[in-house]
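Paired with subunit B in one complex and with subunit C in the other, subunit A is shared by the two complexes that follow.
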Partner chain A sequence: MRSFSDINPLAAALYFFCVTGIAMFSSYPPVMALSLFGGVLFFIVRNGRSRAKSHLFFFILFMILLIANPLMSHNGVTVLFVMNDNPVTLEALLYGLNSAAMIVGVLYWFRSFTQIMTSDKLLYITGSLSPKLSLIISMALRFVPLFNKQSQKIKSSQTAMGLFKDDNIIDDIRARMRIFSILITWALENGITTADSMSARGYGCTRRSQFRRFRFHRSDVIFLIITAGLFALCCAALSCGSLEFTFYPAIKYSKPDLLGICGISAYSVLVLMPVIIETGVSLKWKYFMSKI
Partner chain B sequence: MEILHVEDLSFTYSLCSSPALKNVSFSVRKGEFCVLCGATGSGKSTLLRLLKKELIPNGEISGKALFNGKPTAEISDIDSASKIGFVMQRPEQQIVTDKVWHELAFGLENLGVPASEAARRVAEMASYFGIGEWYDKDVSELSGGQKQMLNLAAILVMKPEILILDEPTAQLDPIAASDFIATLRKLNHDLGLTILIAEHRLEETVPICDKLLVIEKGVLIADAPPEAAISELKAHPEILCGMPAASKLYTELDGGSSCPLTVRQGREFIAAAFKNDIRELPDTDNTLSGDTALEFKGVFFRYSKNSQDVLKGLDLKINQGELFCILGGNGSGKTTTLNAAAGLIKPYCGSIKVFDKKLKDYRNRSLYRDCLAMLPQDVQTVFLRNTVREELEDSGTDVSALPYDITHLLDKHPYDLSGGEQQLVALAKVLAASPKLLLLDEPTKGMDAAAKLKISSILRDLRDNGVTIVVVTHDVEFAAECADRCAMFFGGQVVSVEKSKRFFSENNFYTTAVNRITRDFYSDIVTHDDAVKICRMNGRKEALP
Partner chain C sequence: MIVFVLVTNFQSTKDYYNGEKIHKEDAIGTVTLSIRCDTIAGKSDSDYIPDDGIILDETEFDLEDGETVFDILTEASRTYRIQVENKGSAGGAHGMVYIAGINYIYEMDFGDLSGWVYHVNGITPSRGCGEYVLEPGDRIEWLYTCELGHDLDEVYEK
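Right after this comes the complex of A and B.
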């Protein structure tokens, strides 16, 4: 068993797509709760106790989303109280809670996604779509920091040569604009060398192939099959209306039938899969260590 | 077997009246190591580019260039890309992608090599070059030397039959450059790879080459094994001055049996040909111990809280009116020292005084007005305008008052100039502010020998006019040529400060080739001119019967 971040990027991307997709297209509160729970849990398992700031940010966002809806929307039959001649309803409050859980949950998943999907992996994924697109992304990823670095270099050498002569803002802005304009020239000039270097190495002389750094192992295939199966179950439950939930005007939901229960259980397994994998891996290491 | 055959090749750039190459003919046999040399602007790059289909510049070509008996322009795209490898001067700009592994694979991807084969070739190359350790890194984390090594490896994965290199070590420090050249030699020896390289670093490349091609103003003036080629160069001092020290001494002193190329051969030549009754040149030292221009006292600096100290209690005193060179390896804190002196970075401990006034007392950026100026290592960053003329008008430079002539450059774009010309224009720019203290970071990077001599004479003139000059350099020969005093940096501290002659003659490794040749026979001989002088004073040994 390998840790979740070592899973083939395509499989991992597909997994994230399934989890967040279901969370976004359903409005069934237990699904939202599961997605939020799984997202937070996975983030904590990956990052431990650090990242308190992210958690705080997400909490504040959650509260804002929760409060905003009942203040804006006055639908619903159960009036809790009246504020500024506007009714604040229980249904709107619950709707706000539900959508806040959805948004924050999905954001947590994306946070973990960006941590796991390093630029190599993104290139691998885009490369399977189009090798050219992947090359352009790779060049852009290289160029942006290069541009920044050069701008810093020009700025410090101009300072030492007295370009920023006085401490006055207009003078500074003017100097900065000139630096920017020469940076463009520099970038174009560099572009020529890079283009030479590309054509010297045969760019465009035949159809590009794609160098692969990641392979599908047996465990990746198993992971994919499980993901796909669980996703299919959830979709079935969603599309058959077993997980119907309406907030307005009054809360109404169908009593979960067998398919609904299957859907919910499938989603809970889906959401917990990365955490299960990570725990499995660390337990395994502990076991190996104790044997050594 | 001939791999490359050039016959009567001439080339004129479009929009140019005079040809850049005139009737060049030569041939390269399989497995040969050829060095192409010549002053900047003599047509080296043009010639090399004409041999690679994709890089042929716009203009009019006549004559033939055959690769394996076939005109280079008629080779198929794939063959041309894979069989003729081309490495250019600037390491940074040649790299296309953001990751080391992707850069290695780039050429193979272009050729449509299937993934499994590509994986094998890349792995093989990464192991051969020892790239394994930085295989997963971002390209931006690599040093200049590593970048150029990566460029070389990225070409070799395509299995070229000939490798053409256009001044590949110009932007590298001497250690990285030696590594690079050693790698080329290894490739030539181990794999029989044919190599054609244009270089300024001839001290290292000439002794290992099979053939030396010398080009001057677009005309090939020598095409022979190095010993023979050098003997034809006596009439061309501008090119001769870049040749290995031993061969220069030999030519200047009207030689003898065969031309020495390495330090070892040079010693044998001097030992066999010259007496050493007079061991020292008369002392002509004129040291000044005037007021202090720049003073560091217990300066500590680090880039971030958790990093290591780059400067560790640096103490340094530079007198007014002297030309001071700072030498040392990479990461010894040389450039950091210069940046600190220019007030670009602030040490967390210790004080820096410029003309007996603390740096922080220069308020309102008055430090940069009529007092101090710095030329950075990457001299391109100095320019902001589209022509040299605008550039100089901006800074208020009076071209006619300069100690050297740059009028022929006025209408060019600063980026189109050669490294040496850029340095001269940049210098002209800072001289307008008539600085009393001039800081230069690696002024000779990427220059040919003649340009170095010119810069060093300009710097000495400036010094004679009362400007204090501090130069950070890797270039031992240049420092020996121009410095009054030198300092050796190591680990963020000064480990020795000495008058230039003493400094180099006491060092064993960090010294000029001339000193290494002559040190057993004469003492304190550091520069070529001194060596010639003392050899002449001593006179030749009687020829053995």
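Right after this comes the complex of A and C.
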């Protein structure tokens, strides 16, 4: 069994879009609660006790979204109190709770997604779509730290040659403009020499191929099949109207039938899958280590 | 935060929707108000759209000097427990007020051109309801339109 971070990036990306897609396109509170729970759990399993600041940030965001909705929308039958001739209702508060849970849950999932999807995995995904696009993206990504380093070099050499002499603002600005213009000139010339050297090495002669760094293993295929099956089940439950929940003007929901219950349990298994995989892998590792 | 609490006007539900007719000592006359939604009666099976289209039949209200259409509407919502949602600046009456929904029927519920408009004495004013100052004997109608007001008989203000 492979850890979730080592799964083929295409499978991981598809999984993330399935989970967040169902959360975003439904308004059923248990689904929102499940996605929030799964997102937070996965984030904690991956990161442990560090990153407490992001938890605080997400909690504050949750509270803000929760309180903003009843202050904006005044639909709903149960009035709690009246503010400036506008009724603040319980339904608006519950709707705010629902949408806050959805937004914060999806944000947690995207956080974990950016942690797992490093740049080489993203390049692999774009590379399977188009090798030229992936080459351009990887070259563009390299420019930011390169220009930073080069501007540091220019600044130190110009300072040694006598820049930043006086202490006033005008001199400061003039010196920065000079460094900037040197950097731009260098960058353009660097681009031209890179293009010349690339064409000298034969880039662009034939159709570009791409080195496939990640292969498809059997466990990836099984993971994809399970994901697709659970996703299809959830979609069926959503589109057949078993998971409907209206908030305005009065809260109305129907007791979920068999398809609805299947949909909810399928979604709960879907959000808990990475956690199950990670704990299984770490248990296996501890078992092997204990044998030594 | 403290400024917000001081500036807005909080009232409890019982206070606001008290159901008592407000008696005004220095009333200079009366006006009548009716709220109707004939254009959508029967279109949807919501509980809040009456079959005959009448949410509030023609009712008389006392008028004080300088009161606007918005003041009478909020008075009606307090006395007869009708939900009204307004979007407007904190000035409320005598300011920019937009009535987004009455009795849980909101704008854009029946198409992009639907919403609430008001007529006074059969004329469609071109001002917001917080700016139209009433005269004694005026007849106010709040009507739901599905086509930006063109499906009601409109007579524009000169």
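In the analysis below, the second predicted complex is superposed on the first by the 291 of 292 C-alpha atoms of A that agree within 3 Å, B and C clash if a C-alpha of one lies under 4 Å from a C-alpha of the other, contacts with A are read in each partner's own complex, and residues count from 1 in each chain.
By our rule, a residue touches a chain if its C-beta (ideal position, glycine included) is under 8 Å from a C-beta of that chain, and two chains touch if they have at least 3 such contacts.
Computed from a predicted model, the values in this text were never measured in an experiment.
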item	value
Touching partner for A:Y248 - first (subunit B), second (subunit C), both, neither	second
First (subunit B), second (subunit C), both or neither touched by A:S119	first
Contacts of A:A33 with subunit B and subunit C, given as first, second, both or neither	neither
Subunit A: partner with more touched residues, subunit B or subunit C	B
Contacts of A:R178 with subunit B and subunit C, given as first, second, both or neither	first
Which of subunit B and subunit C A:M198 touches, first, second, both or neither	first
Contacts of A:I226 with subunit B and subunit C, given as first, second, both or neither	neither
First (subunit B), second (subunit C), both or neither touched by A:W186	first
Residues on subunit B engaged by subunit A in the complex (per definition of touch)	52, 54-55, 77-78, 80-82, 86, 88, 90, 92-99, 101-102, 105-115, 118-119, 122, 136, 139-140, 151, 154-155, 158, 339, 342-344, 364-365, 368-369, 372-376, 378, 380-386, 395, 415, 429-430, 433, 439
Of all residues in subunit A, those that touch subunit C in their complex	74-75, 77, 79-87, 248-249
Subunit A-facing residues of subunit C, complex	8-13, 15-17, 48, 74, 83-86, 90, 92, 101, 104, 106
Subunit B-touching residues of subunit A, taken from the complex the two chains share	119-120, 123, 131, 135, 138-139, 141-142, 145-146, 149-150, 153-154, 156-167, 178-179, 181-182, 185-186, 189-190, 193-194, 196-213
